[in-house]
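Some structures are shown below for you to check.
Each of the two complexes below includes subunit A, the first together with subunit B, the second together with subunit C.
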Partner chain A sequence: KIQMSRRYDQSTTTFSPEGRLHQVEYAIEAINNAGTCVGLQCADGIVLCAERKVVSKLLAPSKTSEKTYTVDDHVVCLVAGLTSDANILINQSRLGSQRYLYKYQEPMPVEQVVKSICNYKQAYTQYGGLRPFGVAFLFAGWDRNFGYQLYQTDPSGNYSGWKATVIGQNNQAGKSILKTDYSENNSLDKNLKIAVKILLKTMDSTSPSPDRIELSTIVRNADGDIKHVTLKDAQVQKFIDEIQKEEEVEQKKSEASTGDI
Partner chain B sequence: FEMDSTFGITGEGFAILAADASAARSILVFKHDQDKIVALDSHKLLVGAGTAADCVNFNEYISKNMKLYELNNDLQLTTKSAANFIRGELATALRKGPYQTNLLLAGYDSTPSSQNGSVSLYVMDYMASLSKTDYGAHGYASNFILSVMDREWRKGMNLTEVLEVAKKCIHELNTRFMISQPVFIVKLVDKDGTRVIDINNP
Partner chain C sequence: NKTSFRYYYYINYLYLPNMSILEYNGGAVIAMAGKNCVGICSDLRLGAQFQTVSRDFKKVFKVTDKLYVGLTGLATDILSVDQLLQFRCNMYKLRENREIKPEAFSALLSTLLYEKRFGPWFCEPVVAGLTADNKPFLSGMDLIGAPVFGSDFVVSGTCTANLHGMCESLYRPDMEPEELFEVLAQCLLAAVDRDAISGWGALVHIITPEGVITKKLRSRQD
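For the complex of A and B:
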């Protein structure tokens, strides 16, 4: 970063001479150190996967997750960034969703949930001299207008819809795996495996274990209910084992082809 | 308040709303071509009976709010959510300055996945009650009209049959209702949208 930016980066409500909002950009940077979050969409549902950074073994096991949150019956989100900031925003989005349900007696369309929280975030980049929220979300849900949807939001208040995406630590590595492995026609199971594969690549751990990985799916069942199911450790371990075995086979193949005598 | 005659009937894949076209105060009739039925969007009709000012004001307020929703969200509300929104507005105003208007809402909802949509009719009164019904009416006229509809309405009627029922309702009013209301405006909503129809020549 050039030294020039120092003068214009203290306040969110000031543009730099190059027309940038440095505080917002720094907030976006903060996300890149957060635990990786992956979302993949297919015709039958959405796969969500997040890395839980376990800081210490002394931590008491938590009843709730710091990565996956339920916003409403039909919307779930993954968090990348400052947990305390995220809690405020999730409360807001839950409030907004219930207010809509009260007013219209129908679930709030997913995009509107996302839009409302993004407008809330945007206000902190323009008014009041307060810092932006250091949180990026992956919102996943289903509504009768557009079916399954996956959205990404960032501290600027921008959002975009995705078929599959990765945010947080090493997201570039994750995205390149998506480029080779992801297709819209993938089955839910295939996407589950890809999600775990991405996390194994992006986690900075030589010994991946299910307690660091939160893997879940959002599926609308035959009755029309939307179910958010978190996979058990044993199921996650199965994927880890499969992927590691496949990688061993790949490695042996490439060693053989480099022509050892 | 009770003088306006309004009613609604659902049929197979469509609904009609009918309202008398008289605008009157005490013993004087101003005009016989007052249109009390407003199209809230491409596939919804709302008719308000009661104090003229409240009816017009409330209908316009609802209509513009729904347009705003459409512009902001690139979506139309379903009939059910529109009905609940309207009822909510009546309820909020009730203990401040109530809108003196009794409403009938008819709408067609297409499902994004299939071609077969559904039609629904909601009856609301000025105290913010809400019911989904097959047919309904407001005002003094309802005393006559509901009896006729109770006897004549069946599920799955086509347009000709429903208009026959509507004609019977209007004939009953012309025969037995003290107030003369020579003109009725009838509008229809179905998968193709909303339009005015001639009760004698659909």
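For the complex of A and C:
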């Protein structure tokens, strides 16, 4: 099948005989090797969690994150894919958000932020013969019309709204954990734990540590300000320890039940 | 008849050769340096030539906790330039992950104004802030962005001659925040009393490393 699609996959602007855009599909494939990103929504806020792939003692301490970016006071996003492509798109979304604020003197609604960046991505699948952006985002934010919202975007320029979702490496494993553990009525703390749990499952590390995990929340406080708070390493470690302890207990239980008489 | 002729006269008033668009709405702003603090204040009048329209039109805007900008001139351009500055400073904060410093902000404002060299924003701004070492920073500009960096005070508005005179008389270096407030308030109030299109109250901000003290002054309401 891969050999058959050869002739129609060199250019983004060409459909294959089966009606597919192969370049776009390959771009989507690139996301599946990227560090996992998780987003969970509840009544009080949104939990965001991402796995940092590049962790080395030789790396200079970073002023910015490679996964979490602020787009505006009320919108934050997680990146899965090529960081360099993501930087272009994040700059565009920041400009778009400020242009709206300048024009209407009120914050840009979250869906419109997402839509504008998706339209920008879509142009690279239809015009110019340039390759698509190899980036998928999880946009999380709050606005006056629809409250807390979580959106996923992909290189095709498509987007969808979610209550909870996982993108990137091993996202299927993550999604199955969401099916069992996630509920709309969860508290923010419960969602924090689920997010870390999902990351522990999707990471290919046997010794998970807080420096590989970026855990943050978006919450609108009593004054009406939207705060994006990144949890400290110690707090993340606490969640990791709790989850690992629970897993040990589960394992012992299952071992005990399959023992001989 | 006589009344309609007088009305027609006022409409054409602006088109007299000695009338400037910067004097249509009226206003005054002073910024002054103290000891590890700066003060910036403006009057509150908004008028349409001689008719006062609002006595609550603030001309000083916050950029960061340690940086304020005051704008005089055409009211619509005051608002537009403030909104543009918010755009630019928001982008700056997102890209650089820190708040903008007064020196960089002053340069930003200067280039923003010069971009419109041949169709300018009709406003003359004043920048007041504290540098990273909490030293006072003052700068003023004309409508096309030519900056002047003051070590003592900078003024702008329809009564700059009055403002300069008052500041020269009352200013002394290294004032503490309370003294600075008194001097600043007296300079502005006295100056705008001799200007028909400025006044109707004043708003003073004293920026210190600990925070900003804001006071509203009630002056002659005429």
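One rule holds in what follows: the second predicted complex is superposed on the first by the 256 of 261 C-alpha atoms of A that agree within 3 Å, B and C clash if a C-alpha of one lies under 4 Å from a C-alpha of the other, contacts with A are read in each partner's own complex, and residues count from 1 in each chain.
Operating definition for what follows: a residue touches a chain if its C-beta (ideal position, glycine included) is under 8 Å from a C-beta of that chain, and two chains touch if they have at least 3 such contacts.
In this text, all values refer to a predicted model and were calculated from it rather than measured experimentally.
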Partner chain in contact with A:Tyr104 - subunit B first, subunit C second, else both or neither: first
Could you look at A:Lys179 and tell me whether it touches subunit B, subunit C, both or neither (first, second, both, neither)? neither
Can A:Gln112 be said to touch subunit B (first), subunit C (second), both, or neither? first
Just to be sure I read the superposition right, which of the two partners does A:Thr64 touch: subunit B = first, subunit C = second, or both, or neither? second
Applying the touch criterion given at the start, work out whether A:Asn145 contacts subunit B, subunit C, both or neither, answering first, second, both or neither. first
I'd like to know which partner A:Arg94 touches here: subunit B for first, subunit C for second, both or neither. second
Where subunit A meets both subunit C and subunit B, residue numbers: 102, 105
Which part of subunit A faces subunit C closely enough to touch in the complex? 63-64, 70-72, 91, 94-95, 98-99, 101-102, 105
Residue ranges of subunit C touching subunit A (in the complex, touch as defined): 83-84, 86-87, 90-91, 94-95, 97
Touching subunit B in the complex: which residues of subunit A? 102-106, 109, 111-112, 144-146
Can you list the subunit B residues touching subunit A in their complex? 73, 75, 77-78, 80-81, 84-85, 88, 111-112
